[in-house]
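One structure follows; several queries about it will come next.
We call the chains A, B, C and D, going by the order they appear; numbering starts again at 1 in every chain.
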Amino acid sequence: MQYKSALIVGAGRGLSASLTRLLARERLAVTVAARDTGKLEALCNETGARAIGCDARDATQVAQLFEEIDRLGSSPDVVVYNASARMRGALAELVPAEVQRALQVTAYGAFLVAQQAARRMVPKGYGAILFTGASASVKGYARSAPFAMGKFAVRGLAQSMARELAPQGVHVAHFVIDGAIRPPGHAEDATRPDSMLDADAIASTYLDILRQPRSAWTWEIELRPWVEPF
Amino acid sequence: MQYKSALIVGAGRGLSASLTRLLARERLAVTVAARDTGKLEALCNETGARAIGCDARDATQVAQLFEEIDRLGSSPDVVVYNASARMRGALAELVPAEVQRALQVTAYGAFLVAQQAARRMVPKGYGAILFTGASASVKGYARSAPFAMGKFAVRGLAQSMARELAPQGVHVAHFVIDGAIRPPGHAEDATRPDSMLDADAIASTYLDILRQPRSAWTWEIELRPWVEPF
Amino acid sequence: MQYKSALIVGAGRGLSASLTRLLARERLAVTVAARDTGKLEALCNETGARAIGCDARDATQVAQLFEEIDRLGSSPDVVVYNASARMRGALAELVPAEVQRALQVTAYGAFLVAQQAARRMVPKGYGAILFTGASASVKGYARSAPFAMGKFAVRGLAQSMARELAPQGVHVAHFVIDGAIRPPGHAEDATRPDSMLDADAIASTYLDILRQPRSAWTWEIELRPWVEPF
Amino acid sequence: MQYKSALIVGAGRGLSASLTRLLARERLAVTVAARDTGKLEALCNETGARAIGCDARDATQVAQLFEEIDRLGSSPDVVVYNASARMRGALAELVPAEVQRALQVTAYGAFLVAQQAARRMVPKGYGAILFTGASASVKGYARSAPFAMGKFAVRGLAQSMARELAPQGVHVAHFVIDGAIRPPGHAEDATRPDSMLDADAIASTYLDILRQPRSAWTWEIELRPWVEPF
């Protein structure tokens, strides 16, 4: 794989940790960013990744995040946006300020991060920007309007960016994760093995997409457990 | 038609004016809302509609808009969200604050208005909430990421609301307007008649949807000129 | 409405009977075609429609059907394809010859009828060709592969035809009927009124689409009861 | 990878040859099937694949194909349906018998092959059935109705099968190949490198999908060259 460095925004214990481990094993220099970097310490110790604090909703903080990585000499070839805010509840009872915040985390933050990534990748003519979507990216469920709004918006962003940036050499891909990811430490249901998405398995498909030659790029792929109704 | 009153948010000279005229002709009490109500005076004089100033991005102003209509005794049976902010430009060059503002006009305002509508319609068990979409609701075009984000988000909102509110008696519909609407006063291209969407023709389909019996409701419909490539 | 005559292929007691009544009331000369015309006698007596026997899978019979209507002087301005063969069962247990037959009724017959319609409408520069779809047109359900194949195929046909024929003045529309149509004589569930699609309500939306001015045509619209999960 | 043997139906010089080489390199026993096996001789010599003649439209021949492979002791764990018949032309001018034939090659043959595959895979609880789609699988182009019909039908089949068979352990996947595959021997456009899909690159993504753990399966993925408009 041609890529040397990666940034994962919205890092935590699940998919982002699996991605960090896998990309580090592939010898990429990985930076993980989250509002609270305390929770990332063990992952960084394990993988050699570097953690930087950043609120992805804040244009200035996002710009500073990329500038800091630039200074350290590893401007990311791969950027993954993995942050989102899930909200549930009857539409009539949602609190507007919380809805606004959720849209900013899920969608506006995705734009801010993607823009900084694009500014660095387009001039050099390569790079990859990956977005983690959900069932709600393609289906608006009842009592889940803000999550559908945010995830649909990210899909629109990713599709627009794929059309704009692919011919400039930047691979943009959107992953529809259609099911629940098994939380770390969560035991398998013995009567129903592999019924939740394994984070390492998802990360492995992210890596497949990063390895695609540019004559056959994917912009969207969905993933679900074999037993998941759809 | 069972509906007696309507509110159109994001009113101007095009589709919203046609809708105002058509709904007034059907004897609905129509309120039109926009940030600048000055431009609505002629339309109100012509149709008997009432104009109220409102910035749809502001939760307090949206709540006040509905309260004012409540006080006047015509809490809307039909609510149309028609506001949006179109932005074009290379992703790398967009100004974050303008992107944020565009998302708030197109998507967050849609949520605020829809929520106030739902709070009034669900208890009475009927009503209709209509969203005006665009080509960008279903296709993310290059150099148009913020508009795609906003319009995809509105589609997610509308789909989630349709799933949640239809079984409570509220008809939610999303219109994909796939082409340019002929601006008022814009002459027809004589060599290519009807090649732009006529606002009255669109309004007429909105009315068809409002008249559907609840045993056969539509949640999404697209409209384009006969000669429009798609 | 500009249209003067209609042909409905795949006529029976449900939607096609409602359409026949509604179009006859709008003063169109209606021809109904089915393999077995005996069952259409009452409908013809009631509405003045004419019945012609035709197996829609047979290119010669379909050509003769249109020729016979031509001779009677009412070459159809509106053609509705309403025939389909539903099959259920585990994929492994389906009988190939029955699958082939189902595809021919649902999809190949649609092509044969649409082609004869197009040959007559394109030269005069107007007309409408409508296809009745189902949930299976956009979603492939388990244990229902042949119906999904047939209905997906019809949707592909309708979309291709809309792109090809709309700029030649012919309106092509595809209706996704997403739910069960209440059979004639079937009593309403009193605790859940309007929970099945009413055939007259569907027919009424077909008429709305036929009345659209060409500056704002729809190629696809879905219909479902207010209480239908989707 | 757990799979030991593969069958590729609709084999020729392009994608199927790349797949044959790649799967043979992965030590799968590969059978290639086509109406005319003469053209497969060089490929078989090169890769050790076995060629069997079969007209995929014929239920008896398809059953015999699988029985022959059974007898040879390598009942396929992986089955790829790669055959299709492309037809272009104004709808009004198409020859019905040719349309019928195209539907049988593209869609009915896919069913026949998939059914034989499912009958063998479901009892053992694993296997993979892959369908090669095209742009026309998701978009009906003008003057291309029969190809849209066939490819939409295959997508409906694949989606229905994924819902039915995945919970029985069989991985069903549909590949939307959105662009032209560079024919063998066709020189690169030097001013526009990688502007056509490379068959080896596509095959490599097929292999990625075959390697997915069942907790994170894909049923649909699209592939296009970086410079392809979409």
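Keep in mind that, in the parts below, contacts are C-beta pairs under 8 Å (C-beta built on N, C-alpha and C of every residue); 3 or more make two chains touch, one makes a residue touch a chain.
Here the structure is a predicted model, which means the values were calculated and not measured.
Student: Please report the smallest number of touch steps linking subunit B to subunit D.
Tutor: 2
Student: Using each chain's Cα centroid, which is most distant from the centroid of subunit D?
Tutor: If we average the C-alpha coordinates per chain, B ends up farthest from subunit D.
Student: So how far apart, in whole Å, are subunit A and subunit B when each is placed at the average of its C-alpha atoms?
Tutor: 32
Student: Provide the C-alpha centroid distance between subunit A and subunit C, rounded to the nearest whole angstrom.
Tutor: So the centre of subunit A lies 44 Å away from the centre of subunit C.
Student: For subunit A, jot down the residues that touch at least 2 other chains.
Tutor: 162-163
Student: State the interface residues of subunit C toward subunit D in the complex, per the touch definition above.
Tutor: Counting only subunit C, the residues touching subunit D are 59, 90-92, 94, 96-97, 99-100, 103-104, 107-108, 111-112, 114-115, 118-119, 122, 136, 139-146, 148-165.
Student: State the interface residues of subunit A toward subunit D in the complex, per the touch definition above.
Tutor: 162-163, 166-167, 169, 171, 182, 194-198, 201-202, 204-205, 208, 212-230
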